[in-house]
């Protein structure tokens, strides 16, 4: 089980801010593929990975990073702070 | 007649903050030479022109500038504002 | 060092005065304040979403880097989230150092990293609808200078 | 645009708040405050001499340049003269622009020019006597970047 969080338009497309997901995905990319195959709203949200960022346990990471030991994955568009 | 002003250590060496001077000096350099010849305290203050700045009518200028029409000459060390 | 991530408005004058009063041996203090622009009257509100937890971690890491790199004597970051109206302050940064070059560099570094690396997302709510603010290539490129 | 050359102390918080409140369409405000460093307790006072008349002209000219070059929407310079104690604010600068890059550049430009082109001279009064502060080559060199 892994906590998956969504922010900004990713959250709006997927329709929830967070959910617990049962998965055996080895990497972030595997998780993205698994979710995208599951429902259209995920496929739409994850259509263009270049416009997305991912954080693992609240640290910016990459889509080829492994999920072993990770408790929280967050997907969001490039940040616009300041 | 011209008003001559001195600031910071130039003022301290010459001993007055300002004075009116009767001169026919054509340029700032001529005025400096005339004053330096007049009294030792001027010669000391003007010994190293590279360490001095001059303003004519409150605009930074140079030692070879002409004095025609100028009403106020100021001598001072490099500025240390801010 | 002070980091505040909050929904409430903050008092720029009071925060600046308190920061300056506490900087000790510093000779230079730089502040930056980011305000909601009204975009010619078309903007009704700016909604700022953030990632609680990661926001504080990311900003604290950025502040630590700035402090180490420019011998910063003190630093402050306040960043709001929630719904803001035009003219309101979104955030402020303050840095204190012995000399001006370090204080300016540290403040600009903090701003560049906050723009692109702190997990905030802005949505502009206007008369014609709401739209997420897109990240600018120029902001990402600005990180290259550090 | 506001320029104050004065002997009296000023309230950094109040000046900053008033400036920010008046910037209109700006999205970015940068302030710089210069403080008297205590130099490890050896400094008793800093005496600042200036050239009345030329000071205001020189600073106004520098402000006009900054406004034109970086589309500055508003600018403020306050500079004190007379006798100041360690920890006191010597001067402050504030700039407002649409975006942060312009506000930062304009504030740094103003500071660089104030350092070397505004007719102020600082004297440090310490336990061992008084000494005029020498202009730094680095400050003169800083003008080269603009």
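Per-chain residue numbering starts at 1, and chain names A, B, C and D are given in the order in which the chains are listed.
FYI, a contact is a pair of C-beta atoms (placed from the backbone, for glycine too) under 8 Å apart; a residue touches a chain by one contact, two chains touch by 3 or more.
Model, not experiment: these values are computed from the prediction.
Asks: For everything except subunit D, show me which chains still form connected clusters by touching.
Replies: A, C | B
Asks: Where the centres are mean C-alpha positions, what is the separation of subunit B from subunit C, in Å?
Replies: 48
Asks: How big is the gap, in whole Å, between where the Cα atoms of subunit A centre and where those of subunit C centre?
Replies: Computed value for the inter-centroid distance: 26 Å.
Asks: For subunit C versus subunit D, what separation do you get between their C-alpha means, in angstrom?
Replies: 23
Asks: Among all residues of subunit D, which ones touch two or more of the remaining chains?
Replies: Within subunit D, the residues that touch at least two other chains are 34, 100, 111.
Asks: Send over the residues of subunit B in touch with two or more other chains.
Replies: 82
Asks: Could you list each pair of chains that touch one another?
Replies: A-C, B-D, C-D
Asks: If you look only at subunit C, which of its residues touch subunit A in the complex?
Replies: Residues in contact with subunit A: 34, 49, 51, 53-54, 57-58, 79, 90-91, 111, 114-123, 132-135, 140.
Asks: Once bound in the complex, which stretches of subunit B touch subunit D?
Replies: Subunit B residues touching subunit D: 5, 7-9, 11, 55, 58-60, 74, 76-82.
Asks: Can you check the complex and tell me which residues of subunit D touch subunit C?
Replies: 11-14, 16-18, 20, 23, 25-38, 40, 89, 98, 100-101, 103-104, 107-108, 111, 142
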